[in-house]
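Two complexes, one shared chain (chain A), two partners (chain B, chain C).
Moving on, here comes the complex of A and B:
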């Protein structure tokens, strides 16, 4: 039961990472940019959820506000930071992205205070269910459900809707897609809107689980998100999900069994190094010819 | 003709400038250098420390200053990072020429700055950094908070004797602060009949402790001892209670903050905090400190603020007793301090290594307030190392 407990916890961590990292992989697939500032979007989503929830008394309203506001921020990052730099080598926008993340971290401190914000009334963090000896709380269930819905939803979106198919075409080959009438700009905006909204969902759920958001919240996942999309095969949504879940489980078991000499992040990255040495293209990436 | 006038005018201007520079009014001020992590990951404590420092200097100056001179606070942000601590320490010594300094920062930063101040013969007080190496830098370095290992020993005595809990799971933060405190606990645990079931560790940025919580649940201990800060302790306690773990949680000093109660919510009630600031001592200066700090900061003061404020008051008192701001004399006056009233309690004295000798107060969180619960005054157990 203990090991099942650890597995469930691993899946929860993994779901959270997956929802966060999918935005990163979407941007990479489309623009070949490592959108590290995505972690700032995630943190902003978390902050908005708490602040709106505290102001209105409704957590649902907080989440909704986060989902609606963060896409503006995400699209702004694209328009102001990436679009002017698209003609350069991909590492140029990536460096700009890192710079933005560092700036945002202190920005959050200045705007929202260094002490962080907490929900005034969050019953979900301590609401638990006991399923055959495994304790799981509401937010953890919500995370796993959210991850499942999101990935299924993305799959449906890219297979059965016009915009979604257009997006997939643009990712495959932007020129040919454009010659078929797919508007590349619309695709990019859609990309950032969806990615940012998903980051907001992840942020809001993490805020609910921890009952606390501080300026460090984004940074914790920023470099892990990068590791996950590399492990999953850059640009592959399915790979991201698998990699995120694997990493979550590795962390969950790792912190107990080797936590005395390696901390959690070190374990995650050690696993990444080993997995990449075995399979450099990631889980679902194509093997370089 | 014009050329000559111009040259005379320039010479006169230069003479005036030089006179102005040389004939500066004798700076009737005593500078005290100060380092606090105002930005970065420790910004919360840094803000408290900074406000407490400013308040202390204002209070000292309002009461007439020291030896007829005003105190001038020269403070820098060290971001709780060793490299910044070293850089700002050198700046304080080289540029600002301070001869007295106080660290309102974390152990990692204090540890880096202490040897620099020692080598420059600057009297230096660590307000709340607890790592043992800080005072080992030399005789100019003093610490105004009980260092890590005795805090851990006090926790062991409190858990084993006062609470009579024997089977304990330990969750520790893996930085200088957490490890130093844990060391003391581990050393004396068996003396009080404590059996340590398991040790877990986590890092400064962890906020989710799912697997640790599951493992503690499996351990089924009588109690849990946690070292860490309020921003890790509060989520941890909330997650423990959420998982159905109901046994007492005993936390370390850095849990002591209003924010702990805010984040942990109902889960915070019943948590014990070792070497926590006893807020309800019948002391009028304490009440005044509370109202004034809350007015300046917008939140009530905690251990960090009280410790920093007291460091300045003690430094000023030492300057007065030394009769001068010469660092060697101030150092000697500090070393001779006996029974000095601090905001956090009575300072019995300093030992040979310039560590404080004072009892440990333990609070419990009750109905969202820090309430005094017990005092560990076995000064022999708490005796800080002599070297």
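Moving on, here comes the complex of A and C:
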């Protein structure tokens, strides 16, 4: 049962990585920018969830507020930072993005303090269920259900709606999509709105699981997010999902088997480096480098 | 000289060396590395181990540079496999791998790091002079490489690797050379840091240190040795001079990175050049 427990932990982490990384991979697919500041959007979502939940007493309202507010921030990043830098080498917007992340992280520390903010009333993280010897709490279940719903929703959106199809077309070839009348600018805004809202969901749920947010929330997730989208084959939603789940499981088993030798984050990056060297095109074969 | 200015000058010297060494790799040769703190740390740990076991100053400096150079060339092979932003992701990974590895190693002191490193025997001001001499040598070396044939090829590879290869330049060999030289210099800076503090922990080589070094190179102007050296000095002195900057150091660095990339992606060096050109015209 011990290994099943590890698998469950790996899957919950993996599903949150996946929800967070979808926004990243789609930004890369559209703009060829490594959107590292996405982690700041994730952290912002977590802070909003905690603060609004504490103020109103309703965690659902906190999550809703995070989902409503973060898209504005994501769109602002695109409009004010990335759009003017699109004509430069890809490392210019990437460095700007790192700068923004560092600025936001320190900003969170300055505004909310080193200790961060904790939920005043969060019953879900300690509400556990026992499924034939495997212990799981409500937040972990919510994470997996949310990830499943989100990926099903994304699939439906990109298959059956007009704007979704246009979005997919633009990711695979912007010029041809534009010549068929897809509005590339609208696609980009849609992309940042949806990606940021999803990051907020992931941020809020991770905050619920930890029961607090602090300035370190999002630091590691950001760079791991890069690892995931690279492994997944950039711009591929399916690849991102697979890579995120694999990484979550590799991490949770890795901490048991080589945990005395490397820490959790180092294991994730070791997996990334090995895969990047062996298969630079990622799991699904989309061109990466 | 007060102890404060001695330590400030030492830190400036180390940062100048780090910035110039990264400039060789990222500025001249165009290989974005976001894991420079890992090489800095490799040099520091190697030097610390040598100091603890032999107490020999020259040997520790040599060990620092050599160890970082070996690791640097290994990582350099990654630059033959992946390019630009992917190389950046790989090197970020190298940095996390380095600190994650060191934190778990008993023989490297784990989380506590290595303390009670024997003194270099030069005293604080002697150390400062040594660091300053190495920093000046690093600037001279940076200028020399920039003006040499090798620097010319580095720039060609950095600007357009395919075009350089078409002209018969063996880009892989030059990329590895850039990594080898740059990381050896970073390792030397790490060894000097060991003699400066006599105490190291993994925290000193975290990823944010890599971001800080990259900030110096980017703000100074990629590829310009003078610009990068000036930026390293300014960014080291600024937090000391202005209290506000010291409290919000990372926020200020982040904001500067965003502003420089957004408004003048060429950095200080290019902006100054434009100003001078405009002045000469009018």
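As a convention for this text, the second predicted complex is superposed on the first by the 283 of 289 C-alpha atoms of A that agree within 3 Å, B and C clash if a C-alpha of one lies under 4 Å from a C-alpha of the other, contacts with A are read in each partner's own complex, and residues count from 1 in each chain.
Definition applied: a residue touches a chain if its C-beta (ideal position, glycine included) is under 8 Å from a C-beta of that chain, and two chains touch if they have at least 3 such contacts.
Given the structure is predicted, the values throughout are model-derived calculations rather than measurements.
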item: Overlay on chain A: chain C relative to chain B, clash or fit; value: clash
item: First, second, both or neither for A:276, with chain B first and chain C second; value: second
item: Partner chain in contact with A:263 - chain B first, chain C second, else both or neither; value: both
item: Which superposed partner A:126 touches (first chain B, second chain C, both, neither); value: first
item: Contacts of A:96 with chain B and chain C, given as first, second, both or neither; value: second
item: Partner chain(s) touched by A:6 [first = chain B, second = chain C, both, neither]; value: first
item: First (chain B), second (chain C), both or neither touched by A:106; value: both
item: Touched partner set for A:88, first chain B, second chain C, both or neither; value: second
item: Partner chain in contact with A:230 - chain B first, chain C second, else both or neither; value: second
item: Common interface positions of chain A, toward chain B and toward chain C; value: 106, 259-260, 263-265
item: Parts of chain A lying in touch with chain B, wherever the complex brings them together; value: 2, 5-6, 9-10, 12-13, 106, 109, 114-116, 118, 122, 125-128, 130, 135, 137, 140, 209-212, 214-217, 219-220, 251-253, 255-256, 259-260, 263-265
item: Chain A residues touching chain C - in the complex, by the definition given at the top; value: 34, 81, 84-85, 88-96, 98-107, 110, 223, 226-227, 230, 259-270, 272-273, 276-277, 280, 288-289
item: Chain A contact footprint on chain B (complex, rising order); value: 39, 41, 43-44, 46-47, 174, 199-203, 205-208, 210-212, 214-215, 217-218, 231, 234-235, 238-239, 241-244, 259, 262-267, 299
item: Interfacial residue positions of chain C with respect to chain A in the complex; value: 32, 34, 78, 81-86, 88-90, 92-94, 96-97, 99-101, 103-104, 207-208, 211, 214-215, 218, 248-251, 253-258, 261-262, 265
